[in-house]
Structure formats: C-alpha cells, structure tokens
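Each chain gets a letter, A, B, C, D and E, in the order it is written, and its residues are counted from 1.
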Amino acid sequence: MLPELFFAYFAVTIVLFSIFVVTARNPVHSVLWMLLLFFHIAGLYLFLNAEFIAAIQIIIYAGAILVLYLFVVFLLNLREELKIYRFIGGWPSGLTFGIALLAVIILSIRSFIAAPPGKYSINLIREETHTKALAKLLYTDYLFPFEIISVILLVAIVGVIVLAKRRLKT
Amino acid sequence: MNLQFPDLTPVMPELFMTALALILLCTELLVKKKGILAALSILGVVVVAYTLIGSSGTTFGGMFVSDGYSTFFKVIFFVNAILSVLISIKYIAIERVNFGEYYSLILISTLGMMIMASAADLIVLYLGLELMALSTYVLAGFIRYDIKSNEAALKYFLLGAFSSAFLLYGISMIYGLTGTTDIKSIALYISEKGLTENPALSLSMILFAVAFGFKIAAVPFHMWAPDAYEGAPTSITAFMSVGPKAAGFAVLGRVFMIAFASIKLEWVAVFIPLSILSMAVGNIVAIAQTNIKRMLAYSSIAHAGYALLGIIAANNEGLASMMSYLMIYAFMNIGAFAVVIMLRSEDFKGDSISDYEGLSRAHPLLAALMLIFMFSLTGIPPTAGFMAKLYVFMSAINAGYTWLVVVAVVFAVISAYFYLRIIMYMYMREPKVEVSLSTSPSLGLALGVTTVAVLAIGVFPLYLVELARAAISGF
Amino acid sequence: MKLYLLIPFLPLAAFVINILFGRTLIRDKAHWVSCPTIIGSLVVSVITLIDVINGKIINEDLYTWVVSEKFIVSIGFLIDQLTAVMLIVVTGVGSLIFIYSIGYMHGDKGYYRYFAYLSLFVFFMLMLVMGNNFLVLYLGWEGVGLCSYFLIGFWFEKKSASDAGKKAFITCRFGDFGFALGVILIFLTFGTLHYVPVFDEVKGVAGQTINILGWEVDLITLIALLLFAGAVGKSAQIPLHVWLPDAMEGPTPVSALIHAATMVTAGVFMVARCNPIFNLSEVAMLTVAVIGAVTSLFAATIAIFQNDIKRIIAYSTISHLGMMFAACGVGAYAAGIFHLYTHGFFKALLFLAAGSVIHAAHHNDIQRMGGLKKYQPITYITMLIAALSAGGIPGLAGFFSKDEIIWSTFASGSPVGTLVWILMIAIAFFTPFYSFRMIFLTFHGKFRGTHEEEHHLHESPPVMTIPLMLLAAGALGAGWVGIPTILGGGAHIAHFLEPVLGHPELHGTHAQEFGVMGLSTTIALSGIVIAAILYLIKTYLPLRLAQGFSGIYRVVFNKYYVDELYNLTIVKPGLWIADSFIERFTDAKIIEGIVNGVPRSIGRFAGILRKVQTGITQHYAIIMAAGVFILIVLILW
Amino acid sequence: MVPLNWYMLLSAVVFTIGVTGFLMRRNIIIMLMSIELMLNGVNINLVALSHYLQDMRGQILTFFVISVAAAEAAIGLAIIIALFRNKATAHVDEVQEMKG
Amino acid sequence: MNNLPYPILSTIIFLPVIGVLVLLIISRSQETLLKWVALIFAVATFLLSLPLFINFDKSTFKMQFVERHDWIPAWNIKYYLGVDGISVFLVLLTTLSTVLCVLISWHAIKIKVKEFYIAILLTCGAIAGVFCSLDFILFYIFWEAMLIPMYLIIGVWGGPNRIYATIKFILYTLVGSVLLLVGIIFLYLYGGTSDILELMERTYPYTMQLWLFWAFFAAFAIKVPMFPVHTWLPDAHTEAPTAGSVILAAILIKMGAYGFLRFSLPFFPEATKSMVPAMLTLSVIAIIYAGLVCLAQKDLKRLIAYSSVSHMGFITMGIFALNSQGIEGGILQMINHGVVTGALFMCVGIIYDRTHSRQIADHQGLSIPMPVFAAFAMVFTLAAIGLPGTNGFIGEFLTILGGFTANKLVGVLAATGVIIGAGYMLWLYQRLFFMRIHEKVVGLPDMDLREIVTLTPLLILVFWIGVYPVPFLDFMHPSVQHLLERVNVAGGMQEMNIARTLMEVIR
C-alpha cells in the first residue's frame, strides 16, 4: 500500500506542477514550478531504482538547464510580460487537441503488453550499484551513442557561440 | 566483462567526418581567408567519400550498420554538402556571416545525417537526428542580425524539438513493447509475439511517422518548412531542403521497412494521406507565392509527397525509386537554389519571383539553366526530374497504387503552373530592374555540376537506377 | 495514240501556261494561248464524234487515282454517244464564246486571268462529261463549280460580284453534299464507282432497302435522290436555284458559257448518265419531273418581271433546265439531252447578244434601253433568232427539242406526265412572252437612257458579231438533227443516243402528236403577240397591270422572296448560332469557363490555403498535433 | 507494487500537458519548458519501463535524452537571445515576419 | 532493317540537336549566320530523311529502318526506333516543316534569334522522335520533351496574349500526357516490357483496356484536339509566331491522331470498338461545331485554328471508323492537313509580316497588291475545303466514306462539315482578297523569292496528292491492313471469351 501512496503523491504533484508550469503567468514562477517538478520526478526515479538518473535529473536539469532558463527569463522584459495575455489566440483549439491527444494515447496504451523482463533485475543492479552498471553499459555497448552525445554538445557550444555572440566580425 | 575494441572500419567515414569538422574548427582560428576553409571542407568530404569504399559492415554491437542503403544516402549527403559549400562561399560573404563555423556546422550536420542513415538502433537514430537537427537550427539562424533568419531558426527549432519529443515518446513506447531498441530485433519480436494488432504499437508507429514526416516536411508536419526555408540563408535552404529530407527518408525506409515490416498495411495507410496532402498542399500553395525561396519550399513539400510514393510501394523497388528520387532532387533543387543565390548581391535581395522578370534578356545562360531546373522539377523529360518521377510512379503502380499515381500526376500538372511561371517571368516578360549577378567560380562549378547531372541522368538514368538497385539489394 | 486525251488536256495546258506566265509575259495575248487550244479540242471532239457515230465507244482508264482496300478508282474516260454530244456542245459553244470574249474582255486588267479560268473551266467540264466513273464526274463537277466561282467573282473588287461567287459555290455545295453521299452509297452498294459495272449491276439491287435512322428506305431511290440533289444544286433547280441569277455578276460570256450552255446543264447530263439508276425508282423519277416542271414555271414567271437583261435570261435558263429535268423525269432522256443541246446554242446566243448590248449600253437595265436595233442590227437579228428559237417557233432549233419534251410528257401516259405537260404548256406561253418583252424593250421603241449614253451606242466589233452569227446559225439549224419522224425528219439524235439513254415508252397517236405540237405553237405565238401588245403598242398597260395586281406583282418581282427566306431561315440563324451561341456561349462560357475556371479556383484555393500558414508557431504546432490525432484515430479506429 | 500502467498514464499526462502548454503559451521560454515537460514525460516512461523490463536501455536512453535536452535548451535559448536582439520580444505570435 | 549507310531515324532526330549545339557556340550577334546554320541543318535533315520515302518497302507492314539498342537495361527499356506505313509520312512531314519553319521565320523573328532557332530545331527533332519511337518510354520522353521548346516558341515570340496562350497550351497538354504516362507505366508493368511491338501482340483484359483507353484518350484527344478539349488550340495558334503555328498545325497535333493509330487501336481493340460510337460522336461534333465557330471569327489565325479542329475531326472520324478507307483517309488527311493548314498559317504569317494585324477586317482586296500571293492562298484555301484535284479532297472523301461505312448518320453529318467548310473558307478568302482594297494593304509588296520557295513545296504536295495519291496510299496499305486485322481478330477473341464465360456461367 505504501508504494501506491508514494506513487499517488508523486503523480498528483507532478501533474499539478506540470499544469502550473504551463499556466503560470509569470515565467519566473514557471521556472520555479519546473524546479519543484524536477525534484519530484527525480524522486520518482529513485522510487524506480534509478539513482544515477535521479541524480543527473537534479544536477543537469534542475542545476544547469533551469538556471539557464532563469537567466534568459530575466534577460527579457518581464514587466511587459505580466501585462499581456499569456495564451495565444486560438488557444482553445490547442487545448482541445492536447486533451484529444491524451485521450487517444490513453486509449491506445490500455492494451499495452510489456516485453518480458531482461537480465538487469533489481538484485543485479543492487549488487553492482546502479551507477556502475549504467557506466559499464555506456562505455561498452553504448559507446557509440555516447560519442555522438559529445559531438552534440560540441554543436551546442559552437551554435550558442555563433548565435549569441554580440559583435559581428566580417 | 568484455571490453573488446569495436570494429571501426564501418564507421570510418563518420570518424573522418568528425575529424574534418574538428580540424575545420581549429583551422578557422589560424587562417584569415575563409575560401581555404571551404576548399578544405570540400576536399575533406571527398576524402570522406573515398573512405566509404569498403566500409560495409556492422559494428558497435549492431547499432551501426554500413550497407548499400546507407552508402547510397551518404553519397546524397556528400553531394549535398559539397554543392552547398560551393554555393555558399560567395553568398555568406555577401550576407556578412563569413565565419568558419559555418562549414563545420554543415559537416557536423552531414555527420548527423550519416549516422541516421546508418543507425540500426533507435538510440543512435535519435542521437543522429538530434545532431543533424541542432546543427541545422544553428545554420538556419546563421545570419543572426537578420530577423527573418532568427525567425526561421526559432520556428524550425521549436517545432523540431516538438516533433523529436514525439519521436522519443514513440521510441519509449516501442521499447516498452519489445524490450529492445535494435531495429532488427524489434521486427523479430513483433512478428514472433504477434504484436501486430496492438494499438500501442500502432501508436508508436504513428509517432515515428510524425517525427520523420516532420523531417521530410510532409503535410501536415510541414508547417515549419516554408518559413524556415524563406528565412534561412539561401545556401542553407538548399542544404536543408535536401539533406535532412534525405536523412528523414533514410530512417523512414529503414525503420518502417524493417522494424514495422509486419504492420505494413497500417503504415502505408498512414503515408498515403500524408503523400496526397503533401502533393496537394505543396503544389497548390506554391502557386500563390511571390518569394522564390518560399515557392521552392512548397515545391520541396510536394516533392516529399512524390518520394513518399516509393515508401508507400513498400518494397525494395519502391525504396530504390525513392532513393533515386532523392538523389535527383538533390541535384535539381540545389541547382535551382544556386541560381537563386546568384541573383543575391550586396544590395539586392533577388528572392522575389518578380526579380526574375526578363532575366533571359540580360543573362541568357543563367535563364537557360534555371529553365532546365524548373522543367526538371516539374518532371518533364529529358531532364532527370522526369526519370525520378517515372521511377517512383512505376514502383507505386507496380505495388498496386495506380489511383494514387493518378492523383500524383494531376498534382504534377498543377506544379507545372508555378514552375513554368518562373520560366514565363524569365523569358516572356520584360526586365523591370537591372539584375547584376554575383558570380563566382565555385558557384559556376556548382551550376555546371548540377546541370550536367540533371541532363545526364535525364538521358541516361541507367547508372543511377542500377546503383540504387544495387544499394537496396542487401537491405 | 489516245487522241481523245487532247480534248481535256489542251485547255488544261492553256490554263497552266496562262496562269504561270500570264501576268508577266503573256498579258493581253492570253487568247493566243486559250483560243487555239479550245479550237483544237473542238476538232478532236468532232473526230471523236465521227468515231462514235461509227460505233467506236471508248472506255479506258488512264491511271489509278485512289486506292484504299476495295475502293479503287481510276482517272478514266468513257466516250459514248451521250459524251460525244456533250463534247460538241462544250467545245463548240465554248470555242465561239472564247472568240467572242476576245472582243468583250478587251482591255480588262484581268485578261490573262479570264482566259486562264475559262480554259480551266473547259477542262473540268470536259472531265465531267468524259469521266468513266463517278469520282471523275465529281472532280469535274466540283471543278466547274470552282471556275464558276472564279468567273462570277471575276471583278472581285465589286462586293456583289464576290458575294455572288461565294453564294454560287456554297449553294452548290449543298447539292454536292447529297451528291457525294450518293456516290458513297453507290460505292457501298456496288463496290465500285465505275459506270459500266454499276449500271450493269443496278438491276440486281432493285428493291433492296437500307436503314436510315430507323427508316427502311429503298436503296435505289435513295441513291437516285441523292444524286439528283447534286443536280438540283448545279442546275439551279428549286430549292437551290438562288445562286444562278446572282451569278450574272460575272462577265457576260461567262454567263453564256457556264450559266447557260454547259455547267448548269451538268445536272441534266448527270441524270441522263445515271438513267439506269433513275429508271428503277419511280419516286425518284417523279421527284425529278415535278421539281423540273415546277422550277420551270416558277422561273418563267419571275423572268416576266425582271428588268435586268441578264437576269431575265438567267431565269429563262432555269426555266429551260427545269424542262430538261421534266423530260428526264418522264423517261425521255434523249429529249432532255436534245433540248440541252439546242438550248446550248440559243441560250448562249441570247447571252452573247445581251453581252453585245451591255457592251454598248454599259448597264443591264432594259428599262433604260430601247430602240437599239438601229445601232446594233446584227445583235438585234441574232437575238431575235435566239428568242424565236427559245420561244419554240416552228422550224428553229428550240422548237424541235421543246416539242419533243412536251410530246414526251404528254405521251408518257402517267398522271405525273399529264401534270407536267400542263405546266409545260403554260411555260410555252411564258417563254416567248418574256423573251419578246426583253427584245421589245431593248431594241424597239425609243431609247430611254440619257443622251450621253445614247452617244456611246454602237455595233460590236466583228470578233464579237461573228460568233453571234455562227451561234445564230446553230440556233436556227442545230435542231434539225432531231426533227421528229412525223415531220419527215429522222429523229436522228434520239436514235443516236438510244444505246445510252434508252427509248421512252410513248403512248400516243400521230394525230395527238400533231395536236400537241399545234397547241404549243399557238400558245407560243400568242405569247409573242401579247408581248407585242403590252410592250410595243399599249406600253402604258404593264404599269397599270402591275398596280392592279400589286400583291402578286410584288411577290413575283421579288422572286417569291426565296432569297429573303433563306437569309432568314438559314444564313442568319446559322451565323447567329455560330456567333452568339457557340462562339460566345458554348465555347467561351461553358468550355472555357471550365478550362479557365478550374485553374482559377485552384489559384483561389491556394490563396485560402496559404492563410493557414499564419506565421504563428503554435498554430503550426496545433496543426501538427491535429495531424497526429487524426492519424491515430484513422489507424486505430 | 505499483502497476506499470500507472507510470505510463502519468507519463502520458505529463507529455500531453507539455504538448498543451506548447500549443497554448505565447512566451517562447515557456514553450521551451513545455518541450522539457514532454521530454520528462517520456523519461518517466523510459525509466519506468526500464525498471519493469529489468533492462538498462531505458535508463541509458534517458541519460541521452537529458544530455540532448541540455544541448537543445542551450541552442534554443541562444536563438531566443539572437531574436531578442533584433526584435525585443519573447512572444511567438509577434514573430511572424513570414507567413502565407 | 536499316540498309542505309547511316542510322537514318537517329539522324533525323538528333541532327537538329547537333545543330542546336552548333548554334549554341555561335555568338548571338551574328544573326545571319545563326539563320543559315539553322537552315543548313534543317535542310540536311530533310535531305537525309528522303531515303525514307525512296527506300521504303511498301510490301510489308513490318517496321523499317529499325534501330535498336539497350538504353536502360535495368528497366528493360530500349532505344528502339522504326517507321512503318503509318508513321513514315509524318516523319517526312516533320523534316519538311522544319525547313519551312526556318524559312518562314527569316525576317519575322527579331528578338532572341538564337533561342528561336534552337527551339525550332529542338521541337522538330523531338516530334520526329515521337513518330519514330517504338519504345513506350522513349516515346513518352519525346512526347513531353517537345513541350519545352514549344512553350518558349509560343510564349516568347508570340502575340500580345501569348502568356495566357502558352500556359494554357502546356497545362492542357500536360493534363492529358500525365494520364498517358500512368497508362504507359501500367502497360509496361503489365507486359514487362516497354517494347511497343511486343506489347501490341498481347491481349489485355477488357476492363483494363477500357481504363487504359481513356487514359490514352486523355492525352491524344487533347493533342488532336477533339471536342470538347479543343480550346487550347485557337489560343495557341492565334498567339504563336508563324513558325509556331506551322509546327502546331502541321505536325504537333498529328501526334494525337498518330497516338490513336499507333496505340489506342491495336492495344485496346475491344475497348476501341466499344468506344467507337462515342469517338465518332465527338468527331462529328468537332467537325460541325468548330466549323460553325469559324463563321464567327474575326481573327485570321483563330479562324484557321478552329478550321484545324474541324479538319482534325475528319481525321479522328476516319480513324475510329475502323475500316480501311477511314484509316487510310485519316492518315492521308493528316498529311494533307499538315500541308494545307501549315501553308495557310504561313500565308497568314506573310500577311502579318506586312501589316502586323491579324484582324480579318483590316485586310481587303489583298489580291490587288499581291496577286501571286492571292493565287497561292487560293490553292490552299481550295485544298482546305476539299476540292477535287487537291489533296484535301482525297482525304476528306476517304474519311467520309469510312465514316459513312461505319455509321451512316456520322457520314451524313460529317459531310455537312464540307458545306460549312466551304462557307467559312470562301468567306474568309473573300474578305481578305476580294472587294474594294483596304487602305492598310495598299502598296504592299508581293511575295519575295524566299516566301515563294517556302510555299512552293507545299503547293506541289497539294496537287501531287490531289492528282496522284496512289504512291502515298501505297505506303499505308499493308500497315493499315495489319492494324485492322489486329483490331478485328482481337474483337473476335473477345466475343469468344464472352461466349466462353457465358457457357461457364450456364454450366
């Protein structure tokens, strides 16, 4: 019963925070709701025996990405923001399709059949520790994607420099 | 614990490409003349292309596969990269964004495409796609003082991220269903466990279709394309109207033909409306355009619809026709963009259709080339565009979709209206403004290559056809 | 040596030479090319005639013209008795008219052109009569029509002339339409178009029917009627007679040759030529007889009130052609051909004489003439002979042929024959009446034109008067070859033509024959007398009569309003349909409406569709999401 | 034990909230955050599946997704800044130079 | 097989293309040189094509002067050329027209001279290709490739409303040809080859025949053009430069009729038979309808364009009469129409060069200043109304004969077209050449030597075919017989099949 209760707590808060994120008038508030949301998601990951993921969820998402957002939000003109309407024209149709999408997704995952369990049982992971198990995989089987990620990050660096550089050279 | 060093032969081109991009990033700091960077990148791509030879095989535990299929697409990507670089050199100088990163980003984006084409695992696929997409976002916004370029990048980025989220959701779904992300294993699992009726599988398939449909700019996931194409630097428009589209088709072919092989009927039913809508919207809305880049964007949407016919045929011949189509499209489309770029000079935008009025009077050769490209895009022989269409129509009819081909040809007629309008402006109107061309040897080279290719493939398509068939034979 | 080939090809050569070099080299010496050639043709024709009299019938193919599977047609010639007679008429009358033209057309700027056309006409006319199959006949048929078109519109700068030419051609085309269909039907029935096999087999198909639009129609009747349609057009019978009076816009020698002596008689010739076909169909014969007789009377009545000298003769021609058809219609083909032959002389003479008058007076209106006999004695006498001959005064050529016809109709014994006979008798009155009205108004009394006009009056040069005199001789004596047996003659021509045309069954006694002859002569004489009373003695009467019967007068004077009727029912509606309905409505509105409307609506649709692209990213995303939703719904449900 | 479906439901809800947010909000930054929400929805799904399938792949993918999300966020924000320099707005419906 | 020392058909097709390459390297300022080079290549092509006429074996229906090479082996598509009695004259007509088009444009074209001659040569080469191709895909490539230069010819050098006309022309024809493409691909996939002769030997299911018949019909009917898809032609003709009109009239629209003969009939005999009533009806409507429209025209070229529609009605009627006379008449009429209407357009061009007006009302009494020209025009006018002795008669008579044999009403109605034809043509001639001289035409120079040289070959053909058509008809007999056998035999088999199925049903 306890796990269910835990889950219920997390689920409810996650959904609520998500809604707050997308509805908050003030972007700063949105970011802050987001922060809370990420913590809760990280909690959920812990609950699912994914300590490492939970950790990077907090470190990268909450620590890095959200801070970046916050910076940018402050960069922009907030006072103006608070005066105007937060939704675009025609938002009801957006809402409709969002809900409709939710409905069809739920309807189609009702009959979801999960694949049979693999070798990484909870015990195995506990034995090896989660981080190590993940790291081993990353550096062996998933070496190639891991390398790609490095290039992606490089692109991000180069791209940000190109786009956000202040002075024009020529 | 098994720490065997992976076999790097199949992945050699990608490695070289990465190295090339990095070298370019470094040399940018050293050399003043940006032309050298361009030359270097072209040479580098040629070298990379050379490493393609003998690179076949599977590696990284089956995550990466280099086969005929991927090789063919990589050739398209290289063609795309080289031609894009060729048409860029003068152009980015005119636009005053002559930075070395430009070439590196093109190469990295090409790298992303190559990874996509070779991806045998959904994770690799996703990462390749993101690699390609992120660099293209940056490239689209490369003229950062230009609001249009910003806007193009913004829209492309927002919608691109939106669509890749759908892709991820699809991947997660199929992962849950099959417990694997390996494309071949997915196929095996689905057919073994009889998952074909499961709606979750269909959902996942649709989400894939959405994400790939976005990359190939198929209606209704095309909405980004006109704005992004119009706003992006013209050379990048050329680049991204071919490269990401081809890459999208590459993964489309691989994922759907292999992973979703057992629910062919369903995904064909998805792509038929996409194809029809793409042809319809692309061709019809293009009529109403006044900006040539935007017109070509809609044309690109329509061409995605035609190439989709090859996918809809859902057999090897169909894939081969789709591949030939993309190869030909690469030539003719970049050729057309090369002409567009030539009209751009320091103080003249040259991207409005009315700028082409009377072009044949002052610049007969350029007009003649544009004429060839326009007829090729329409699909009138003896240009390559006809052979491209012929091949996809043939495969579609062979697969029993005659009615669909009838629809396609009707839209081809509609397309003639706006392509020929360009020719009409060039040849049948009197010039209103003095157009001075910004010629350069590289641009000339690009035009020469594309023209020769368009005509040669139009008259002798056999090599391309045989190549495509050979490429697909081991699929 | 096929000598007879020279007959048509000499004139053709003249045409080619004149048309190629006429403008630059020959100019006003064109007659030196044309006249010798036609005289040459005449000579050869005479030789041929002698051969034919001696029993040498020619039926030869020159070369194969058209081949398509079973449809094999040659250019070939058939020269038999009928052809021989026609050859003499064509080349004989033709020669005289050619010579006459030298004087008449002297100084015209289209002199070479005139002779070229005339030669071409003779060529086609000869092809028409000499052909041994229907297609060659058709070739000549259309060819003479063409030359008629050229020559009517010779003075093309005059709108009325070019209009008349066009009218002639197109009106004839209506007839040719039927003729062509007839020819096609003949081919489909007999598998050939050559006369001999067709006429040999024609009995075999008697009684066969053919399904036309669900009606079973007698095949032979249909063929005969279709062929006759062509004859109606070419020979200006009701209802296609309207072109001939207008054709008088052409030079007068042309009217003499084409619209009197030769071309217009082609219809009669054709009917006579096809007598084996016509004989087998009572309906067709009846039609021919009735149309001929009615036309004859109809035209004669119109002729009475005309004031244009050439139009009078033109209506007279129509009337005489009608008589010929009436003769054919009762089976008396020989009589018809005989009349054709004599008519060729006297009618050509009438025209040429009229031409001589016009040459002097420079206009056609007899009301503005009068008293010309003292200026133009030769013309007067020759024309008088012609009129007497036409009027059927005993002893002259016209009398014998006309009498032959009247007798044949009377003696045919059928109700139709009797009806036709009654009409013929009426015509026997009208013909001399209008002829002499014309002569009296022209030559007698006082000159009614201006003084200056009077000053110009003179007799024509010898080059014109000599042909007149020669023709007058013909009008006098040409008929003597056909003096009927009861008058002690041999009826040579009828016997001569019998192998081709057969012999009509006549039921009548000699007494009856004399009676009929006497009746018609009396009536003819009375016609002359009444004309003399009205136009010589009591010259105020005609005007009073016209006022008294103004209704009838107006109708007849206006040629029964046939032209107006056609204009109103065919030409105007045709043009209206073409212009207002088809061109402006069907083509421009319906078809073009669709053709332009579809692209336009696509364009409009494009304009609407592009509005979907609002430029707002969320809207794009909404459409994407909608797409996802719809796809899922589509696939899963 | 919490059933897998619950997680999937939660994931679907978070994902679609992200979608809805993306579809409705004018502010570009919040749109970006909506995308992050979508990715997080997917991540929940992946981690849960990974747990239930006893397979590490899901978590590895999650790891990559987070990395990519970081890169994406960086580039996205850079684009916003570039845009902001040319046109001082963060509202997507004011960025419509091109349409039609 | 080809027993000439050179591949004659390839030469005919590609010598103009070589000419184009030569033209490309000549500077555009040397206009005279450009013209002469174009003329030399056109004449050379024509002369080299003459052996087709001389060396043709008239005793066989088989393809002659055959050239066959692999082209796209992957698709089993060959470069396969050959002519038979149906196509040989069309090829010759094409090469002749090329020469005449170059000549007639000598002074008329003043802008973009180089491009013009390039376009002319390309068009003619491509059209020759259409008539020679024995491979479906090759055929289609030529069929479409011709559009590119033609689009320019009308659009660049045409009259004031040329853009509308040229776009209409190309879209109209494209609509038809894309359906043809679908049909071709379908046939190709069904038969596994694109070899026309090989495909011709097969029999196809009836339903398939029907579908394909209509697909092919779309392309051919528009090209012909048959009612009611004829409206592009008047516009295209009216706006095109003289040479363009000549190409359109003389050869381009023959492609449609040729397509019917070469493909629709032998490939889909049963469908053809069942569609004969419809086809004949459309043909007759075209004859009368277009004839009537001619009566309402005020524009010279437009009138002749509509007369073209009317005449093409005779051709399609002949073809779908499905008998020897009809088809041979149709083929002959194709040549005749090419000669006559081509010549008439040249005549219009000669007038237009002098007065720069196409309005009928602007010209009157032309025969006074231009007597020689009037004579030439007269001959062509007469040929157009089918006067015996001219070529028009033979063709029209044979087609009407064929039509009448097939269906009496059709024959009768078609024959009325002859009356209407005489009406509008003579009226036109009257309005142009007769009556009081219009001030605009006073003192116009008569035809010069070049113009006479241009028209004389056509004049000769008018009389040659009119007086002695047998040499021409002889070319066609075996091929037409073979074609008819194919149509009829196949029809028999169809009946047998129906009978068999009926038997099975009963059983």
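Here, a residue touches a chain if its C-beta (ideal position, glycine included) is under 8 Å from a C-beta of that chain, and two chains touch if they have at least 3 such contacts.
Being a predicted model, the structure only gives us computed values, none of them experimental.
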By label order, what chains touch subunit A and subunit C together? B, D
Over the chains that touch one another, what is the least number of steps taking subunit B to subunit D? 1
Maximum centroid distance from subunit B, chain identifier (CA atoms): C
Which pair, B-E or A-D, has more C-beta contacts? A-D
Whose C-alpha centre lies nearest the centre of all protein C-alpha atoms? E
Centre-of-Cα separation between subunit B and subunit A, whole angstrom: 30
When the C-alpha atoms of subunit C and subunit D are each averaged to a single point, how far apart are the two points in Å? 96
Euclidean distance of C-alpha centroids - subunit B vs subunit C, Å: 78
Here the gap between subunit A and subunit E, centre to centre from mean Cα coordinates and rounded to Å, is 70
Any chance you could list the residues of subunit A touching two or more other chains? 88-89, 91, 94, 97-98, 101, 104-105, 107-109, 112, 114-116, 118, 142, 145, 149, 152, 155-156, 159, 163
Note the residues in subunit E that touch 2 or more other chains, in rising order. 171
I need the residues of subunit D touching at least two other chains; which ones are they? 4, 8, 15, 18-19, 22-26, 31-32, 49, 53, 55, 60, 64, 68, 71-72, 75, 79-80, 82, 92-93, 95-100
Of all possible chain pairs, which ones touch? A-B, A-C, A-D, B-C, B-D, B-E, C-D, C-E
Counting only contacts in the complex, subunit D reaches subunit A at residues 1-2, 4-10, 12-21, 23-27, 29-30, 32-34, 36-37, 40, 43-44, 47-56, 59-60, 62-64, 66-75, 77-82, 84, 88, 90-93
Which residues of subunit B touch subunit A once you look at their complex with the stated criterion? 1-3, 6, 11, 18, 21, 25, 59-61, 63-64, 96-99, 101, 104-105, 108, 111, 115, 121, 123-124, 127-128, 130-131, 134-135, 137-138, 141-142, 144-145, 153, 173, 176-180, 189, 195, 198-200, 202-203
Subunit B touches which residues of subunit E in the complex? 28, 71-75, 112, 115, 137, 140-142, 144-145, 147-148, 151-152, 155-156, 162-163, 166-167, 170-171, 174-175, 178-179, 181-182, 185-186, 188-189
Contact set on subunit B toward subunit C in their complex: 154-155, 158-159, 162-163, 166, 199, 202-203, 205-207, 209-210, 214, 219-221, 223-224, 226-227, 266, 269-270, 273, 281, 284-289, 414, 417
What part of subunit E is in contact with subunit C in the complex they form? 168, 171-172, 228, 230-232, 289, 292-297, 323-325, 328-329, 365, 367-368, 371-372, 375, 382, 387-389, 393-394, 397-398, 400-401, 404-405, 408-409, 411-412, 415-416, 418-419, 422-423, 426-427, 430, 433-437, 467-470, 473-474, 477, 481
